[in-house]
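Common to both upcoming complexes is chain A, partnered first by chain B, then by chain C.
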Partner chain A sequence: MLMRNKHYNSKKEKRFNLEKELKHAFDTPPPARKEQFINRLDYPRASRFEFISSQIGYIRKRVWICSLVLFMITLICLYSTKASVSLIWVVSSAFPFISLLSISEIAKSTTYNMEELEMSCKYNLLEVSLIRLGILGLANLALLIGIMLLLTCKTDFGLDFGFIRLGLYLLTPYLLNCYGTLFVINRLQSRETMYFCGAVTTFVSALNILLATQVDEIYTEKYRICWDIAFIILVIFCVKELVKLFKKMEELQWNSSLTA
Partner chain B sequence: MSLNLQDQYDKIYKYCYFKVKNKEIAEDLTQETFLKYFNRKPRINRGKNLAYLYTIAKNLCIDFYRERGRSDALYVHDDKVQLQSSNSDEVSKFEINYAVRQAVSMLPVDLQELLLLRYANELGINEIANIMNISRFSVYRKLNKALDLLKTVLREEGF
Partner chain C sequence: MELVIDRLTKQFKNKIAVDRISLTLHEGVYGLLGPNGSGKTTLMRMICGVLKPTSGEVKFNGIDVSREEFRDALGYLPQDFGYYPEFTAYDFLLYLASLKGINKSRAKEKATELLELVSLSDVAKKKIRTFSGGMKQRLGIAQALLNNPKLLVLDEPTAGLDPKERVRFRNLISRLGKDRIVLLSTHIVSDVEYIASVILMMKNGQIIHKGRLEEIIDVIEGKVFECSVDSRTAEHLIANYPIINIREESDKTFLRLVADKTPCETAVAVPAVLEDLYMYYFNKEVKKCE
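Presenting the complex of A and B:
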């Protein structure tokens, strides 16, 4: 048995060596006009639009599916139950999970330890992340506007709160979650980052439910100023964290170029 | 893309050189292949497009011989590759390389082409099947046959 294995291994080794030799059996004299030809070759490069649309394909399907599910649930709730203010906190508590999905797309490179490799690609991580964030942001905005339109058209919220105020109620927990998850991503660099982000999202969602159910009249004019201030502060904080994230990516790119 | 193009240029050049055995002509044909390809296809992608690139190269080589009436000389070996050897290790490498080259040249042309595509140009079985217009099963079968023949020849040579 041992002899047979030994024979098999040496046979395999021989074939491997032969295959290695075959790689060089077709060696050619080096081409003389290669660089000149490639430099002058006017081949059609991918346009900006093609690049952006190609990025949509790399966003995981679960992001789109979850967004659609949230939209459908809102639709079903509106048509099957009597719409009440509670619908706002239900929807606004679900929104942080949509933002978590979007953030997980950006943290994908860190999670799978692909940052260094992606930094050395033609379109670097910063560029790709910006484009994907843009696409996801637009998709989230479309979802938000769709839900807000549904709520204003099918309920009295539009009359009671107005479109902008409704947006404020839905967006504030979303922004709080964006800030929280970006804070985690900027400070933690490990495969466990997404678990912490998940914890932040659950906390934000639970906090939103708690506030909405425990604090009376939270969606009234009485607390309007608090919502406005929270919204503005969160926008500023989110922008700061985003700038930090992009700067970190630039630093990584600089480090990669130095060590390349 | 530029890296890919550089890589593909070398591989197509190797393929054309294998067909025409002349450095200048092989490079002309390589460049013509890329010009024709980019006239019809937007970008080099993987999969069938790579097979398309090779098909253009193959047809250009056939056209070259058809035009010049040299089809009979298509596979005459004209090894001009300079292999320099400085020490004993290099000498032994040179000997092995020379023996393998000689053994490969004894194989039928289609098997030589198959070995070039598979081992020198590192193409996948699917891509080779597309280029050679044969089934995946045939590619496997021919590859095994080529390797067995090579081993027999090399064994006779004492390797």
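Presenting the complex of A and C:
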């Protein structure tokens, strides 16, 4: 057994020595066109799902924090105070600020002059914006439904107004602000655009408070038709402005620097 | 590998920025040279799909500029680009890698590798807003290389780089041009002279010259003169000829200028360089800019 092991080891040693000798005897030829070969290799691609999920991380934290804060405030108001109709205008006046945050996410490419870089990428500005809009739209919808559920479960609003009417009161100021801010974004193109949008949001919120506090019975059946009409008109206007915005994202907008 | 530009035109209101340009580019470095307002940036933006042409088309290996596959093969450095204020250099590269469809682990590797390449590794975790112009430009070059592009379009890539970085960048571009199409625009003549295998000269939205350095310089050969003259003659020459260089000497003025025939008795014809040609073609524009 010992002899056999010894024989095996010497054979292994001989082979190792031979390999070593060969390495010394022949110079390894330098790699030809190594870089070109490596360049031809494809890089690992992200799947579309990976790409979409990665975009959630690029939505600024303040959007999520503000949505959560609004939800928590509604929750606290419901438990700590006696719920009255005034809670509707309080919540609906806060909603435009949520839409402002969402719109600012869509407009940030222009605000920070990233649009040219983003337009030239595989997933271009238009696709990225559509994905972000989808994510933010779903998040806003979840917030709205969450608040509506809270309001209907914890108050008599569900019985008095019904789920859809409650949604109408909360969504109309939100849509008015969406339309206003989109209108501004589609017509102004500068870093200051978001300040104008902020002004629009403050105006919409203040208008909502003013109407709710000054017009008696605004949340009654008497004004239902006005709410319905306003809602439908605003949905149409918002869609029109969104289409305009997406068309703008297909190419860089003309300004005097483009002729340079 | 082939980039075909066919009768590409862009009109902004009443100004034609790019006027029916047709080109076919293969592997190599192409230097687009022209004064401000000649249409270089507009042409590059159309090649990258950022601007839609008024007419004409751009195709890379038969793929139209509007398609995702085209953008997948493209690396682009715009003349001026911004960044999100919360981004560090590393975040910026990871973000653009995600838009270029690179998976996360590869993006991290590539971002680290490219930050090293452009000497920004030590500031990788610093906010971009703290960067100098040159550092930002190097970061821009890094992002253009993230997806190992087959078509690399660089608009004024050396703007803001110091001389050492400029030389490093030139060497990098020369290497990259071996197996891909690199199109770079600049009005810095020496950049093009050193790295471009083919020079494209642009004026008023049109390509007025295309060729290798020695081919296009041929036009001006024998028309470049040097002389040392008194101040009165110097004034006369400066007013009438495209001047490439002026140097005040003890009692005379040294001039290098372009002229169709000997401008003065003491003038001696010297071999032409690209800068001479540039001045020869764009003297009017230069004077206008001044």
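Operating definition for what follows: the second predicted complex is superposed on the first by the 207 of 260 C-alpha atoms of A that agree within 3 Å, B and C clash if a C-alpha of one lies under 4 Å from a C-alpha of the other, contacts with A are read in each partner's own complex, and residues count from 1 in each chain.
As a convention for this text, a contact is a pair of C-beta atoms (placed from the backbone, for glycine too) under 8 Å apart; a residue touches a chain by one contact, two chains touch by 3 or more.
Predicted model, so just to flag it, every value in this text is computed and none were measured.
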So, A:55: does it touch chain B (first), chain C (second), both, or neither? second
Touching partner for A:18 - first (chain B), second (chain C), both, neither: first
Could you tell me if A:65 is touching chain B, chain C, both of them or neither one (first, second, both, neither)? neither
So, does A:206 touch the first partner chain B, the second partner chain C, both, or neither? neither
Touch check for A:108: first (chain B), second (chain C), both, or neither? second
Which chain, chain B or chain C, ends up touching more residues of chain A in the combined arrangement? C
Once the complexes are superposed, what residues of chain A are shared between the chain B interface and the chain C interface? 43-46, 122
Which of the residues in chain A end up touching chain B in this complex? 14-15, 18-19, 21-29, 31-34, 37-38, 41, 43-46, 122
Show me the residue ranges of chain A that touch chain C in the complex, using the header's touch definition. 35-36, 39-40, 43-46, 50-51, 54-55, 58, 60, 108, 112-114, 116-124, 128, 250-252, 254, 258-260
In their shared complex, chain A is touched by residues of chain B numbered 1-2, 5-6, 9-10, 13-14, 17-18, 23, 26-27, 30-31, 34-35, 38, 42-43, 80-83, 96-97, 100-101, 104, 115-116, 119-120, 122, 147, 150-151, 154
Which of the residues in chain C come into contact with chain A in the complex? 12-13, 15, 17, 36-37, 41-42, 45, 48-52, 68, 71-72, 74, 76, 78, 80-86, 95-96, 98-106, 110, 143, 147-148, 175, 178-180
